[in-house]
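What follows is a set of notes on a single structure, which appears directly below.
Naming follows writing order (A, B, C and D), and every chain is counted from residue 1.
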């Protein structure tokens, strides 16, 4: 049985219209390549990305902190984690690559879990992190939505 | 956007050939009704139910305790919970109805979480529970695979 | 460094005065033996057991589903699990033996996790469980509070 | 019943001798002030901080990802989270203030969870984070171990 590639899109639930447009385009690109989109299932980046994926005929999975009624309207399969925001680990660990757009503190936890697990993280205007004045280079920077999804698909294929 | 009904199938990872045949039939019946099957993603009841669902063209989701490589071969979408066997709560809370076949102690935790959350549990040869000598009647007993899925679909529709 | 024995007390948050009196006595007996009491930190059995332990000068730890303000007034060290009722696994896995008093569906999940992990469960008027008409004998029945704590301390010492 | 202040110490499990010395001093300072030290229970920063706290007669709690045998020898009360590295949320949410020393990707998730929950984070040579070129100022920088614990105790008192 063939399994689809799974790409996570992470980002805050309160975002600018520009970040929303970017997330929607990322969702469309993921669906066009036949990949499944997984996210935290709520608003903001998560909703815009799901909207884009659904418009392009894709499958969307939202791993929710609490109740299934929290899911944004573009989540096809709501997964009720039962573990609150500890579900942030599940969002990224369920994916073969992660695209981070903008960023809240929850996004920071997701980036941490992904990098800890060796799952590639592609950044679009997201957190920059540094230790003792030395920038961490493990977040791969992308130029635009298409570039981010190209990089995610390529890196996902290696896992 | 229309959302599919989601039915969980729970049961132990070490089971008799009879329980496996029953689980496979339950998986087939779920897929024939257009519902999505969610389970814990491992062997035994979980694998047999996924096999049945895939044979009948259905979608299978496995919420795994650890790594995606643990998934049985019939899991289409592996969700990596990141929380070990605390994922038992997620398996049942993600469903609108639960079918319990046979039973290990993990199945007992899943029955407890489902009943605590008010999610209907249909039993096929699974745990019986009693408090102070009084049998708990909240596990709905089914006669066979078809009867179990009929009951699950009917109760799921009410949620 | 010597480590104290840790005993979990589990049971529902809505209980009869008799169950509360029993839980309080269990808490006292645990503290008298110098053991630490761990529980889910809320009301009912959890509160009564913590009250008893504190009266006898013992240390009480409550592993909470949500916020630290949820803790009953007799919890000395509140642990905020961050994972909701998935914390039920933590309550029993943190103990070397478990005493179950009365029972809700949450208690059933805790019994399931303890038995799955090989942690001894001593029952005082709690759930009875059976599979295919055969009663499960792994819950050790106690006559009274003192007997329950005697059995818990003896079994905890073997782990 | 008076409850002790709880301070979390977070940081990587593989660290330099300098970071270990700093963590040990932080643990001593926490214990001298009568506060309880909570941490992830493993090696590196966690072990050095527990060692310091135990030397100064303090109470140490380790919230472990897996088994109680993983605990470093200076953990007095091992809490078995049952949820793997999703326990990172529990480590910081159980504290009234957090001291971050050095840093691994796990530490980054803990910083994210603390800031998301409004729990003060005091940094000693730990992660710096920035969004769109703008440094996040919510991690409070300390000069040395004593300064870090002074700041942690003061901020913890306000919660």
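Here is the rule we go by: a residue touches a chain if its C-beta (ideal position, glycine included) is under 8 Å from a C-beta of that chain, and two chains touch if they have at least 3 such contacts.
Keep in mind that this is a model prediction, so the values were computed, not measured.
> Which of the two pairs, C-D or A-C, is linked by more C-beta contacts?
When the contacts at C-D and A-C are counted, C-D has more.
> For subunit A and subunit C, what's the span in angstrom between their mean Cα positions?
40
> How many angstrom lie between the CA centroids of subunit C and subunit D, rounded to a whole number?
The answer is 28 Å.
> What parts of subunit C, by residue number, touch at least two of the other chains?
Expected reply: 82-86, 89, 113.
> Counting only chain pairs that touch, give me the topology of the graph as line, ring, star, complete or other.
If you draw each chain as a dot and join those that touch, every dot ends up joined to every other.
> Name, in rising order, each residue of subunit A that touches subunit B in their complex.
Interface residues on subunit A, with respect to subunit B: 1, 3-4, 6, 36, 38, 54, 61, 63, 68, 73-74, 76-83, 86, 89-90, 93-94, 113.
> How about subunit B: which of its residues touch subunit D in the complex?
Per the touch definition, subunit B meets subunit D at residues 66, 82-86.
> With touch defined as at the start, can you tell me which subunit D residues reach subunit A in the complex?
83-86, 88-89, 102-113, 115-116, 125-133
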